[in-house]
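Pasting the structures here.
There are two complexes below, and they share chain A, which is joined by chain B in the first and by chain C in the second.
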Partner chain A sequence: MREREVGVLVIGGGPAGLAAGIAAKEAGCARVLVVDREDAPGGILKQCIHNGFGLQAFGEELTGTEYAERYIEKAFAAGVEVACGTMAIDLTGGRVATIVSRARGLETVRAGAVVLAMGCRERPRGALATPGSRCAGVYTAGNAQKLVNMKGLMPGKRVVILGSGDIGLIMARRMTFMGARVLACVELMPYSAGLTRNIVQCLDDFGIPLLLSHTVVDIKGRERLEGVSVAAVDETLSPIPGTERELACDTLLLSVGLLPENELSSTAGVRLSPATGGAEVDENLQTAVPGVFSCGNVLHVHDLVDFVSEEAARAGKAAARYAAGETRPRGTVPVEAGSGVGGIVPQFLGEQIEGDVKLMFRTRGIYKKARVVAERGGREIYSKREMILVPGEMVGVTLKKDALGSGREPVRVRIEV
Partner chain B sequence: MQKYDVVIIGGGVVGCATARELTRYKLRVALFEGAPDICSGQSKANTAIVHAGFDAKPGTDKARFNVIGNAMFDTLARELDVHFERNGSIVLAFSDEGIPELEKLVWRGVANGVKGLRVIRAEELRNLEPNVSAKAVAALFAPSGGIVSPYELTFAYAENAVKNGAAVFREAPVTDVRRDGRGGYLVRAGGRECAARAVVNCAGVHADEINNRVSAERIGITPRRGEYHIVDKSYGKLFKSAIFQLPTAMGKGVLVARTVEDTILLGPTAEDIPDREDKSTTAGGLAKVLERAALTWEDIPRRGFITTFSGIRAHCDKDDFVLGEPGDAPLFFNAAGIESPGLTAAPAIAVYLAESVAQRLRAAENPAFDPVRKAIPAFRTMDADERAAAIAKNPDYAKIVCRCENVSEAEIRECIRRPVGARSVDGVKFRARAGMGRCQSGFCLTRVMEILAEELGVPETEITKSGGGSYLVSGRIFGEEEGGRA
Partner chain C sequence: MEERELICINCPMGCRMKATLEGGTITSVTGFTCKRGETYAREELTRPVRMVTALVRVKGRAQPLPVKTDRPIDKDLIFDALAALGHVTVQPPIRIGEVVLANVCGTCANFVATANVR
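Up next is the complex of A and B:
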């Protein structure tokens, strides 16, 4: 088997992996290798031909493909080696990866530091255990997006969307543009999991109803989908008998959640957070395994790619420093999620902080005119009033270095109504 | 008109096994399957258990063929290169009142000729299966119980049958069987008629319809649906054996069983339904499975759910297998009412039927018969050296298409090219496992569609999920069009 040594190995060549690779290179790492299983870098952005990307990062509105292109060009210009058609099939805690590609066969890569940037996958139908037929015509929204945008294939003509995640909302509009009739977007929760701007621009603008507190209770059709039953749900999210109605459709798209793809992380011994499904990291994005870092959607599912790039750049830089010998263990001071706060990243901080620290999380529900508060040792170290907080949009909390101080006292973040 | 010595109706495990066993003789054998693929019915959707044989009533064909079949699996798995593990079966009792019931099963098993059965107490049970619910107080342990992949076995049988000269036709539903007036039969399959000296009826849920066309000894089949959950393979290490339950006040127990692929099956329910093809799952059925499986496995991880499915058992009103020639239809052989333990019994039933047919037709042995079939080498089960060697021989092994199950492009192409190969996305899924993992084809679907289109020489718009009208897309928006469907 071939062997090679690199300074930083980045697994995944989507927006997170590219930004991490570039940052590692810029931080002075001589050999940065990014591996990606697909035939071209860019990850999911390759199929995101809609706009709305880059407002935070570049101050202009780009399509997903344009956004990716900027990073791809930057990576090549910086001298990052990007190996496509290459899949990492094993990773040890000692930062030895096995990768496989048609061009080079099996290879062992010994890395000074590793950045995990594998992204996430969509929850499939089976995970919901939605009863009914297993006929053709049921797709995850991302799969439908790939068929339409990359393969030029139309999944179907009469569409129901289950779940109101961003990809589902985007696909409601895309399918409408392509001549399909989108009958409804059905959401189990009393609120959408997607960005408000997507609800407005992808559903409202096209008169597509958003049925909150509803779900699909039956899937019908022997060979190809013929229809679904939709019912209202009660406060326990259980379908209410008698509220079923039939929607004749040939396509059901699922946008019911994203799951970080951490199977490889687990083989390396990386500890995962049950709240985010991603690794437990400190402010440098280092996991419990020394020299292994994590960023992007494999760490926690983001709402905007701009934040992915920003986070990944920090991971890439930290990885380069680790590879250069500036090794230090992951921080152990806990960051606690208080009332109203979902999975928070990072979960730990070092006792000594080098600069400001950015925490990110999603709220557990909708909060109007609420305060986001961070405390440490009885001191309020952050407070910000928000008009509205929704689970579909991430909350960023930047803790100033001075306010944060140092020591072993945990940091606690909560929503105050 | 095509003439065969033997026509087999039905391409489930019994039909395919019988085809293979018949090729041990100098006979022209044809198998007709009505569905777009073989292994589309009960053989695809069952508990995947090789039963020890303590459950069936002594003296029945179910008991007899179960025990003979069980003993055949070691050799068979070697010859056909299929995954089989003799990992033992366990039946749990949840109260002391259950212990005499377990002892009854031991005696029933002894009467059936099952070896090694014994009742074990809580402590030994905990040692054997540490993750079984604390509610279980005792269990029956059956060391000869095993697990097998039912579809792998069926495909392997079919491949080996074709290798030895049998012909397998799919999308060829048998619409008529009648006597030809000269001691043989005329079979209309897929719109064409052929002649057969003997017919073997392995038509599963339709076996009664076939039998009742040629025999006055009518049989009745009731479609009985069973629903299942599948849990991700990351939990597969929690249980070693297949774990049954004694019936309780809540009803007949359900099974918690690791599969040869390390996923865990929960189920089945048992519900008689009017429609022989209605393989949908129901909210009520799935809830029942979970409620009862929780007796065995207390904290079933909902985030580990991969998918659900249902299978239709062919329950015969005689409550036993119906095997062999009816009195009034010579050279017409039944394998009807093959429900549990049908998968276990299938190898034995096939040998029995093949021997009966060969004897009646006075067929000579086929000296060229080769019992060996090799599985498609799977990237996921290879060690590093094997992987390197496989890639050196075929670079497609270095291209992982299904990332959850680590299935390479080489395996997908090979499973399409093989005899009775895949023609649909589900065909690939059940032969090569692409799309069977935790993402359920979220990532590999489009690539599998591309490979199928290339290998079959059809446009992607023609690719189906499972044959027939199960088209995956409604048309093309852009790109080259090679004259697909309107």
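Up next is the complex of A and C:
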């Protein structure tokens, strides 16, 4: 088996992997290798032909494909080696990866540091326990997006969408543009997980009804999907008998959540957070395994790619420093999620902080006119009043270095109503 | 007098606004929390526009080329613009920003490529 040594190995060539690779190179790492299992770099952005990307990072509105291209060009210009059609199939805690490609077969890569940037997968039908036959015509929204935008194929003509995540909303508009009829977008919760902009511009603009507090209770058809039963649900999210109605359709798109793809992380011994589904990291994005860093959607599912790029650049820089011999173990001072706060990243901080620290989290519910508060050792170190906080939009909290101080005292973040 | 309901898209508040129009002129807007809401409502009621992203056939390839309008176009023209694009087949190579269909439906907007094809 061929063997090679690199300074920083980045697993995944999507927005996180590209930004991490560029940052590692810019931080002085001589050999940076990004591996991606697909034929081209760019990750999910390759199929995101809609606009709205880059407002934070570039101050202009780009499509996903345009945003990806900027990073691809930058990666090549910086001298990052990007190996496509190459899948990492094993990773040890000692930072030895096994990668495989058609062109070079099996290879062993010994890395000074590793950045995990594998992204996430869509929650599939099997995770929903919806009854009905296993007929053709049921797709995850992202898979349908790939078929339409990259393969030039249409999954069907009469469409129902289950879940109102942003990918589902975006696909409602895309399918409408491509000549399909979208009958409804069905959402279990009493509120949508998608951005208001997408509800207005992807559903309302085309008269597509959003059925809140509803779900699909039956999937009908033998060979091909023939229709679904939709029913209202009560406060416990259980379907209410007698409210079923039939929608004849040939396509059901599922937009019901994203799951960080951490199989490799676990193989390497990385500890995962039950709250985020991603690695537990410190402010340098280092995991419990020394020299292994994590960023992007494999760390926690983001709403905006701009924040992925920013986070990944920090991971890439820290990885380059580790590879150069500046080895520090992951910080152990806990960052605690208080009232109203869901999965928070990073979960740990070092005792000594080098600069300001950015915390990101999702709230557990909808809060209006609430305060985001961070405390340490009985001291309030951050406080900001927000008009509205919703679980669908990640909250960013930047703790100033001076306010944060140092020591072993945990940091606690909470929502104060 | 005509009454219209709108949801503001500027932030997750999603303020539900009500506007009254008299002979096409906006006489009142209520329900917004901040200035951005009112501005959005007035623009949306006067002349709603949208950026359109779409796909176009590429000669000899299964994979279509993604394109966008280089400025927002009237919302009412979206489907006409898509129909016009349906008659276009582009020839590789194509660079990002290249005009694929100029002056879409007389709007002065162009459909431009948003990906490279080698």
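One rule holds in what follows: the second predicted complex is superposed on the first by the 417 of 417 C-alpha atoms of A that agree within 3 Å, B and C clash if a C-alpha of one lies under 4 Å from a C-alpha of the other, contacts with A are read in each partner's own complex, and residues count from 1 in each chain.
We adopt the following convention: a contact is a pair of C-beta atoms (placed from the backbone, for glycine too) under 8 Å apart; a residue touches a chain by one contact, two chains touch by 3 or more.
Worth saying up front: this structure is predicted, and the values here are computed from it rather than measured.
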{"item": "Touched partner set for A:248, first chain B, second chain C, both or neither", "value": "neither"}
{"item": "Dominant contact partner of chain A by residue count, chain C or chain B", "value": "B"}
{"item": "First (chain B), second (chain C), both or neither touched by A:40", "value": "neither"}
{"item": "First (chain B), second (chain C), both or neither touched by A:237", "value": "neither"}
{"item": "First (chain B), second (chain C), both or neither touched by A:151", "value": "both"}
{"item": "First (chain B), second (chain C), both or neither touched by A:66", "value": "second"}
{"item": "Chain B versus chain C as contact partner of A:30, first or second or both or neither", "value": "neither"}
{"item": "Partner chain in contact with A:222 - chain B first, chain C second, else both or neither", "value": "first"}
{"item": "Overlap of the chain B and chain C footprints on chain A, listed as residue numbers", "value": "148, 150-152, 178"}
{"item": "Partner chain C, residues of chain A touching it in the complex", "value": "49-51, 61-63, 65-66, 69, 148-152, 177-178, 195-197, 199-201, 204-205, 387-390, 392-393"}
{"item": "Footprint of chain A on chain B - complex, ascending", "value": "229-230, 234, 277, 279-283, 285-286, 303, 305-309, 384, 387-388, 391-392, 395-396, 398-400, 403-404, 406, 438-443, 445-446, 460-461, 464-466, 468-479"}
{"item": "Chain A residues touching chain B - in the complex, by the definition given at the top", "value": "1, 37, 85, 87, 89, 98, 100-102, 105-106, 121-122, 124-127, 129, 131-137, 139-140, 142-143, 146-148, 150-157, 178, 217-220, 222-224, 239, 250, 263"}
{"item": "Residues of chain C that touch chain A when the two form their complex", "value": "7-9, 11-14, 33, 50-51, 53-55, 57, 62-64, 66, 68, 75, 78, 82, 96, 114-116"}
